[in-house]
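The following pair of complexes shares a single chain, chain A, combined with chain B in the former and chain C in the latter.
Right, the complex of A and B next:
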């Protein structure tokens, strides 16, 4: 009798192992993680204020003075998430206690943020007297103008400066936060809409399906940028980050919807769906507990590629002048400015272009890796 | 098959109606408005518009009617193949589109053809040398190219080869030199070609990845078929096996995706056209959005939608025509 070795490997673990066996995907994921860390630490990497400063016998941390509420929020919630991960075992035993602790922490943070005003301080302490100080890696903040305009890359300005003497490296580090978060959130919105539409169409079929399919077809027929530019005009001149995220999200969900619909059509003919129906499970339960988890792989793949295209779309929008408002740094914005000085200032186009290239490439490698891991039959490499 | 095609064509109409209705309502509800954009004259050195002139203008443009009534009128006119006149210069929309579309189609068409001509051989070489260094290099290079945003590439190409501080081989922008009217026919053509090189390159390199990957997969599929083994078994030289047996079958699916690329011919070049100052469709669309020129925007949308829908249909029909094993009956 043949014995088959029994492995206790879950679906997720198998996926992860297959994913890691692909070196491109592995390195792509590494780059994405590094980019996120760089973006998260941007105020500490590029800032005119010292991280630690010793003057007149006093130790101060000026960098914290320049932080804005959103950065404080980030600084305080990330440790919270880390703690939740470390204590996930005890937390799962006492979920209520965890909720109480986490909730009160969030309330405290929000109160603290409302009490402290953001100090948007254009000053810096590069030149002030101090017996000891540690400056961030890039000694300039992204909105700070300096007298040396158009300086090519040097030790002082690793990626050069623009027409008002702002440091490009600092702008790019801070711009990474915009690009990465827009990619993530807008794709989240797109997936939410797309998965809902797709699952309703694929599960209920009939007229619902026909209606939704027509709608998807209508959305697909618009030239993408035309649709986005019309929708963006609704937000007027106050283009903040969330408007851009929402606009990209609501105009880019059709791919996910098509895919989920297809998966649902396939899965609802499978015995396990019929069995769930036979035992009297509700529609919502079948969709959420049986069909959706089984189509998670493809959704993840579409999402990953979608993040890449959302980042590209955001930088195209900024490039056309429909992006974030003026002082907010964004990669597309730097590129857009470089247009006017393109006959000599190569660094204005090269570095942000490279940043977009690296980001999109790593996301696409991750997407490819996921595709191979989810369905090895489709493996192309 | 005929009934299938007829049914599909009949289905085009409700979709078209939906697209135009959605565009129309979106435009009417949005702050994009010819009266408001002209009324902002103050900052541009002009005079602000009086309330009276404003209402007059709204009336002139038919913007005082309820959106649905205005839409019905628009549909009525469009059915008589009259897309209306531009709000800005009062010329017929069809004429405005007509003078732009040639340029856009010539540039995107060149880009499309070149990308197929380059990508298909790349994909086929990669499939034949599956898993070897050549295969991996091709996959990697087209992937990197695919990830370069084309506006960054356009800027850097201008900087390095077209009139920046470095090489000055190609013209920086425009579609012809200033003195092109004095040129002879061949000189004019050469001038046009030089102007088109950079835009075409920027539009070409990105699509290499998807086409070459598609070609590679379908070639691999064809190479794995039984008839290839038969061909090899009967002692055919490898060259014949690949070109006569595998390649012909591999090309079937590639033909069908070609149809899906057609909608890209007239849209999707806003950025490249604006960088190179090309007077094409993308630029027209951008300007019309800027000035609130509804009739032109509607005209472009209808055209884009019709082409998109027809090319989906064409793809489905080609699918059956080139491969008789498939049928929609």
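Right, the complex of A and C next:
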């Protein structure tokens, strides 16, 4: 007699298995992860200072001296990981609380670090005497100007240099951090607003719903780019990275709000919402603990697509000259500069354009993979 | 005579437009003693579920409007309670079991987690919650309850899911259990098991049970008293045996006749003749 194997996998595991069965989604996720690793390690990959230098019988690590406060992220995360390891027992007893504490700590560190300008030290020690040294892969810092302007891609400058002789590869590596973190943080802000609005509208219905829906429609009437430009022109010269993230986030939450509202309308009519109410759960508890986990799939999907569009939006802003301030590298900024020299310096447009294309495409593949994994009707077996 | 556990007086619940309302519940009154089992019998739309939900104000309003009456539970009117007092009442004093066990359990959480939530909400004094969950699952006849804690609702059969719902309701030791058609979505053998379980619970605990059903077949050997509802009114109420033996109202007779009897030759099932009742 055959026994039927009982699968003991949760929704998350099933989702993950379905997601991984889609090769586009799988590889898209890989590319995104690689991009994040490259972006995180940017100061160690593109820097004018040697990683290890041996001179006069002394071993020094010059790369750490040139680090901006923002680079100390790693040095903040290492003790964080250590703390998580030490407190793993109490954390595993309350996994949700641990997740919330860890998550909010990471968000705080990130916001703190992003408020400081990510500009590298333009100095270098490439030519200083040393008996042994390991230079970073690209041994130029992103804002360091060199005499060889408009040099095409070579071993020296893998992606060429721009009008002031800055290394494009170094600028792109450092720009990746800005593009990726703007995508994530601004979409995080957008989701926070959108999910809150949508869940309140969908759960309470009635006049609350009508009010929020009209507000969403009013927000949708504004052309997003124009709205952002207006807001940025008000914030004036102090448009730092956080400001741009906030503006993109605040103007892009309506899609998420609509989706979550629909999802909550559907879920709150389900018997388990009534059952949760009958057990004595409060409205807040039902929204956060019962309905939100049920609509996590669609939220994740809309968030993934949103990250892609936020990156694109930031590039467009930089292209228009409203993005990050001058010496700070960003993909859109490199593209914008390439406009004037496009007839002979093709590499100025090609590499940042390729980076944007690959990133957006990967995110969209991940988003589509998630959508297919969540919606079994789209699955082709 | 002590105060009754539950006393409903002249309860009226309307839906739809104010000037021409649909009177889902039209001025009904009934009472329940502690530990008593009352069966509320009636067809779909007769207002029995609406009455049950109104006990702890679970009806969404709008669209529902409670237009008259009072619902006294242990001496206090639940219609006048604040939302937080109601939350303390729901689950702790009055627990519910619903018709569709599959969709009444949250699909993304394990059953252990969902029972834990009920216990943590209403019985903060319990130290070993896991042991309490296992005990609750054991009470409702789930074998190897410790192994089932991490199961998701979709991994259980309908009968098991309904047992979990009952365990969840029992975990807080309510004074009144409202079973809103607990067996309608289940097949007949499971229906029997669940009714046997409820009977067992009735015998072992001092919990009052309000069984809402359209099936007179379930009522006979379960309920102490029966209230028959028809079009928002209670048309007949009394001890079960008496009603079954000597139904007074035409609708009650029609309902009793609807239950197919084994061993009796019947060519077609009886259909209620509404013209005759009106």
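Worth pointing out:
One rule holds in what follows: the second predicted complex is superposed on the first by the 331 of 381 C-alpha atoms of A that agree within 3 Å, B and C clash if a C-alpha of one lies under 4 Å from a C-alpha of the other, contacts with A are read in each partner's own complex, and residues count from 1 in each chain.
Everything below uses one rule, namely that a residue touches a chain if its C-beta (ideal position, glycine included) is under 8 Å from a C-beta of that chain, and two chains touch if they have at least 3 such contacts.
This one's a predicted model, so the numbers in the text were calculated from it and none came from an experiment.
Upon superposition of the two complexes on chain A, no clash is found between chain B and chain C, which fit side by side. In the superposition on chain A, contact is made by A:344 with chain B only, not with chain C. Contacts of A:290 after superposition on the shared chain: chain C is touched, whereas chain B is not. By the document's definition of touching, of the two partners only chain C reaches A:280; chain B does not. Contact with chain C, but none with chain B, is seen for A:206 once the two complexes are overlaid on the shared chain. Legend: residue contacts after superposition of the two complexes on their common chain; A:229 is shown touching chain B, with no touch to chain C. Superposition on the shared chain A places chain B and chain C such that, viewed from the Cα centre of chain A, they span 90 degrees in steps of 10. Once chain A of one complex is fitted onto chain A of the other, the partner contacts of A:352 are limited to chain B, with no touch recorded for chain C. For chain A, the partner that touches more of its residues is B, with chain B and chain C as the two candidates.
For the pair chain B and chain C, the least inter-chain C-alpha distance in the overlaid model is 18 Å.
No residue of chain A lies at the contact with chain B in one complex and also at the contact with chain C in the other. Taken in their complex, chain B has these residues touching chain A: 14-15, 18-19, 22-23, 26-27, 29-32, 136, 139, 143-144, 146-149, 151-153, 155-156, 158-160, 163-165, 213, 216-217, 263, 267-268, 270-271, 274-275, 285-286, 289, 297, 300-301, 304-305, 308-309. By the touch rule above, chain C contacts chain A in their complex via residues 53, 56, 58, 62, 84, 87-92, 95-96, 98-100, 103-110, 117-118, 121-122, 150-152, 155, 165, 168, 172.
By the touch criterion given at the top, residues 6-8, 10-11, 206, 270-272, 274-282, 289-290, 293-294, 296 of chain A touch chain C in their complex.
In the complex of the two chains, the chain A residues touching chain B come out as 214-215, 217-218, 220-226, 229-231, 233-234, 236, 308, 312, 315-316, 319-320, 335, 338-339, 342-344, 346, 349-350, 352-353, 356-357, 360-361, 364-365, 380-381.
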